[in-house]
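What follows is subunit A paired twice: with subunit B in the first complex and subunit C in the second.
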Partner chain A sequence: MTILKNFFVEFPERLIYDPEARIARFIDWAGDTFAFLWGAIRQFLLRFADITHAFLDFVPWSVFVVVLFIAGWRLTSWKMGLLLAVLTFAIGMFGYWDNMLLSLTIILAGVIISVILGLPLGIIMSKSEKLEAVMRVVLDTMQTLPAYAYLIPALMFFGFGRAAGLVAVIIFALPPLIRLTYLGITNISDEMIEAGLSFGSSPMQMLFKIELPQALKSIAAGINQTTMMAVSMIVLAAMIGAEGAGRQGVALILYRAVVGQRAAEAVVAGFVLVFMAIILDRLIQGFTERFDKGGE
Partner chain B sequence: MKTFLKRFSFLAIAALLTLTIAACEQEDPDEEPEVDTIILAESDWQSHELHNSVVEFIIENGYGVDVLKAYGSTPAVVQALRDGDMHVNMEMWSDNIASYQEDLDAGYYHELSVNFDDNYQGLWIPEYLQEEHPGLVSVHDLPDYAHLFENPDEANWDPEEDPGHMYLGSVEFAATQFYENKFENPEYSEIAESFVWSPVSTSVLNATLYEAYENEEPWVGYHWTPTAIMAELDMVLLEDEGEYDYDEGTGNLPPNDVTVIATDDMMTAQPEIVEFLSNYETDADITGQGLIYMGEHDGDSDAAALDWLVEYEDLWTQWVPDDVASDVLDALDEALEE
Partner chain C sequence: MAKAVDIKNISVVFGTSKQKQAAKELLDSDLTAAEIREKTGATVAVRNLDFSIKEGELFVIVGLSGSGKSSFIRTLNLLNKPIRGQIFVGDEELTAFDAKKLRQYRQNDVSMVFQNFALLTHRSVIGNVEYPLEVQGVGEKKRRETAMEAIKLVGLDGWEEHMTFQLSGGMKQRVGLARALTNDPELLLMDEPYSALDPLIRRDMQDQLLKLEDEMDRTILFITHDMNEAFRLGDRIALMKDAEIVQIGTPDEFFDKPANDYVKNFIADVDKTRILKVRSIMEKPTYVAKKGDGVKETLQKVKENDMGFCYVTDEKRKFLGYVRLEQLQRSKGKTIDRLINEDDTVIYRNAYLREAWSKLSEAEYDLPVVDGKGRLRGILNYDVVVDALAAQ
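Presenting the complex of A and B:
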């Protein structure tokens, strides 16, 4: 009886297998063996972030406000334009303009790289059932793995700073874009596909003339989700210097205010991030609806 | 009808008042506070985990009282102690807690003993780096050696042109603010001009230090003893000749009085355990021995505590009455057999 109980009720000690040492060895091995690769990716990500930040920093704040007003107005309504302009202006009034640019740099760079990676991956996934099955597992893992689990490995491969931060943001923000691109393409009606085939379209023509235009709305929704995920991830990624070593981005200010129990500062920094999220969300939605109307 | 309404409203108001008064009534001040389960404050550094595991084992097996360890950042822990949501803290880094003296005076909690006070904090470099560059001894030498400390956040870091990079401690540490004060002080402006610095969590601090140490690369940053990593690695504390002043950021941080404290409730509810905690005194070396074991065993503080209790039996058995000591020793034998 006790043998049964010891075996089936409490997990038997001799069956416990500790993978930690192997994982540690694997991380070391991967870090050393592909050092040149991680180094190259790091260089690329840092340059990408540099260029993005240089561009954002080059644009005067007043141009930002005016452009956002016009964009909101043309895409949706003058009320939307006003909202976007006021929110942008408010970030400046809170004294967070430069800090905001540091955070926006990583969000934008992360989203652009996610689009560059996510679109082709979503398309390939829709073309191959085998790949789809594999990707599904990979994407589920990426989305559910707690960020804390890969922050430190990212740090070891890419060094403290924006490169590791971008990797963390991309791991977290990429999956919805791939999924929605895949969904957009696989959900096109059979009639549409038939029509394309009966006109003798080549696979490339099918993709660019029929599938992608039809999937555009779904893809835009994916970009929107990816952007929102990037905004939320920046708060955690700030712990590994995502906004730049020695720089004070909004997320780092928020993080510092929270652990230092400075409630008012945390609220303000939190709102700046919320404003950024609203502005990005409304802009992308505006574009999506615009495309949608234009397509019909 | 009218009288009925009158009576009814009178009753209703009376009932409401009674309820309100009942709700507002303070707990009877004469009632003994009960602490059935002792809640220890826990932090994300290892010496705190080790001392907590030691105390947990002694209290649970020697006094038969349950112990819970509750993790929190330093400000959160201080607030919880004030509110009585936690009962004991084995490591109050008293000089780093701005409200410490105020809280003691206000009677929120009481200092029972000094756990250890021979700890060091400051900017450290690996010993191999100093052997390579014997001139790097003080923080004032840092500007001359800034070219060694690559900024991992720069795509094309140029040792001649770009500032070096150093790591500071967790943003909630008073020491982090101290170094930010230091770099604003004109006396240290050369460091501020030749370096950028990032405050990071303890896990990031340790990860970057291990990584650099393994490859014998330069690393400079804040750290402190006693910690497992500092006990394991050969590190050198950079000197800072100035006189210590927190607000001005001058000099080196003095060793902290790391105290054991207990709340008011704890004092009245568990006087025997308070007596034991009042005797709890170690030092950085005694703590460090446990930390080395902990570092070798995946940071398992409970296992390290068992090893520590065996190693320092002569020490801790003096802290508790003989019958408690023998109970703990019996439990220890049992635990080690498993």
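Presenting the complex of A and C:
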């Protein structure tokens, strides 16, 4: 009796299975075995971030402001253009221009790579039921995991720094784009698909002349969500050095200010980050509405 | 150009492959479609259809929703794959096509008009109409030209640059029709094309279709749930119920010999004289001479067929007039050209019987029936018309 009681009430010690050692071994194994792969990915990501940063840094601030004004004006209204220009100018006035570029680099690079990966994945997912079933589980898991969880695999294989930060951003920001690409393609009406097939379209013609154009609205919404996810991930990613070793982007400043309880600094950095989010959101919204007008 | 379609024992079943296999075994049994569904879980949408559509015919399938007519029309471009049976379009067996041949067939020989238009909303009117040519790889200039012709044909010129959401329902379906005509198909499939339109516009569209059909040379399969529409349009009609054909025949035959009470009920509300068209009761002329034919051989043919006179057309079948037997016997000329009696008492083949009646009652002989281009398409016999009208 007491044996049973001991066994079923308190968790028996001899059943405790210590996974840590095994996981550590697995990580070591994966890290060593695919070292060349992680290395290559790391190099690629660093190069990509470098080029993106070099480009952003090359553009004078004044051009930035003017371009955003024109974009806002063309896409929505002159008021929008003015808002975007003022927000951009404010970031400069706060003394955050260079720090902003460091954060923007990771966001932009993350979004671009997400699109390069997410579009094909969404398309393949819409074509294969088996892959769809697998991806659904993976995507659901990815979207329920806390954002911190993404830092771990990134750190495991890429170490501290920009590559790991980018990986974390990409893993976090990718799911909505895949999902919305998939939804956009599978939600096209049966009749429209039948129309395409009935005129003898090849699978490629179906994809490029019917499915993708029809899914464009949904894909644009996906890119918007992906961008917002990237913006929200940048602070966490900064913790693992996303903005570059020894460099301080807005996100890292914010993080450190919060941790060090420097309220004023945190508020300013927070505003800069919010401004960035507003600018990106408005720009992409503007593009999306353009599609709406042309597409409905 | 137009091709005949032979449907041989075609069945379409929906369900998982296991269910389908089980249902396939039962297709020839006495079980109804509903019973097969209960037993196997599979839906029998089309069951053992076996009939032919003649070349150049406007064939209508009518039936309530769920009768299987839309599932059937989709077998003719293999959007639905029949579980068994064969379909021949012209001499070619459609059901044996591989992917490449099927694509070619869909690109060149067949096209479809859809109930809800199925226009590509990301393209303009002309962008939609030229889509079939784009798929074929036709160059941009040629593509535009052909598409513009089709747009003019359906009366939408001036609208080509508009986006489709700017159009009314009737105009959208005109775009659908124009799109289906650009690849110059031999077989045109129309799946309840006018059901989504309001009645006035529907009538316009029907008239337009009859006018277009008159000038084209292609086989049309038209699906509808509206018996009036079926009778207005169809050369022959098939009535479908529960995945099977209940009756097949000309409109006249439906009125004459309805196969059962279901058919009787279905046609109860149809006013025959308003619906029956000349084309549905006209007959094929026994012999027609061509301009330039010799007197001797014409005389021989006329005698052979025991005729008192025969109609004469030019080489494009355009109706010219007639020659009488006595003329042929008396003539010393070589060809019949100078003997032709010009005659303008002709009946348009899409005229309703009511309109034809007055002309026919004045004439002493059978009247020639012509299409919109003046080509001789048949003859209208006085007795047949009396019979048809009296049968009501």
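Points worth noting:
By definition in this document, the second predicted complex is superposed on the first by the 273 of 296 C-alpha atoms of A that agree within 3 Å, B and C clash if a C-alpha of one lies under 4 Å from a C-alpha of the other, contacts with A are read in each partner's own complex, and residues count from 1 in each chain.
Note that in this section contacts are C-beta pairs under 8 Å (C-beta built on N, C-alpha and C of every residue); 3 or more make two chains touch, one makes a residue touch a chain.
Bear in mind the structure is a predicted one, so any value in this text is a computation, not a measurement.
Using the contact criterion defined above for the overlaid structures, shared-chain residue A:Ser198 touches subunit C, although it does not reach subunit B.
When both complexes are overlaid on chain A, the residue A:Ile70 reaches neither subunit B nor subunit C.
By the document's definition of touching, neither partner reaches A:Leu82: not subunit B, not subunit C. Once chain A of one complex is fitted onto chain A of the other, the partner contacts of A:Gln214 are limited to subunit C, with no touch recorded for subunit B.
By the document's definition of touching, of the two partners only subunit C reaches A:Ser189; subunit B does not. In the overlay built on the shared chain, the residue A:Tyr255 is in contact with subunit B alone; subunit C does not reach it. Of all residues in subunit C, those touching subunit A in their complex are 74, 77, 79, 102-108, 110-112, 114-123, 131-132, 134-136, 163, 165, 183, 189. The touching residues of subunit A, counted against subunit B in their complex, run 20, 42-43, 46-47, 50, 152, 155-156, 159-163, 239-241, 244-247, 255-256, 259-261. Interface of subunit B with subunit A (complex): residues 73, 75-76, 79, 151-156, 165, 167, 170-172, 196-201, 203-204, 207-208, 211, 298. The touching residues of subunit A, counted against subunit C in their complex, run 189, 191-192, 194-202, 205, 209-210, 213-214, 216, 294-296.
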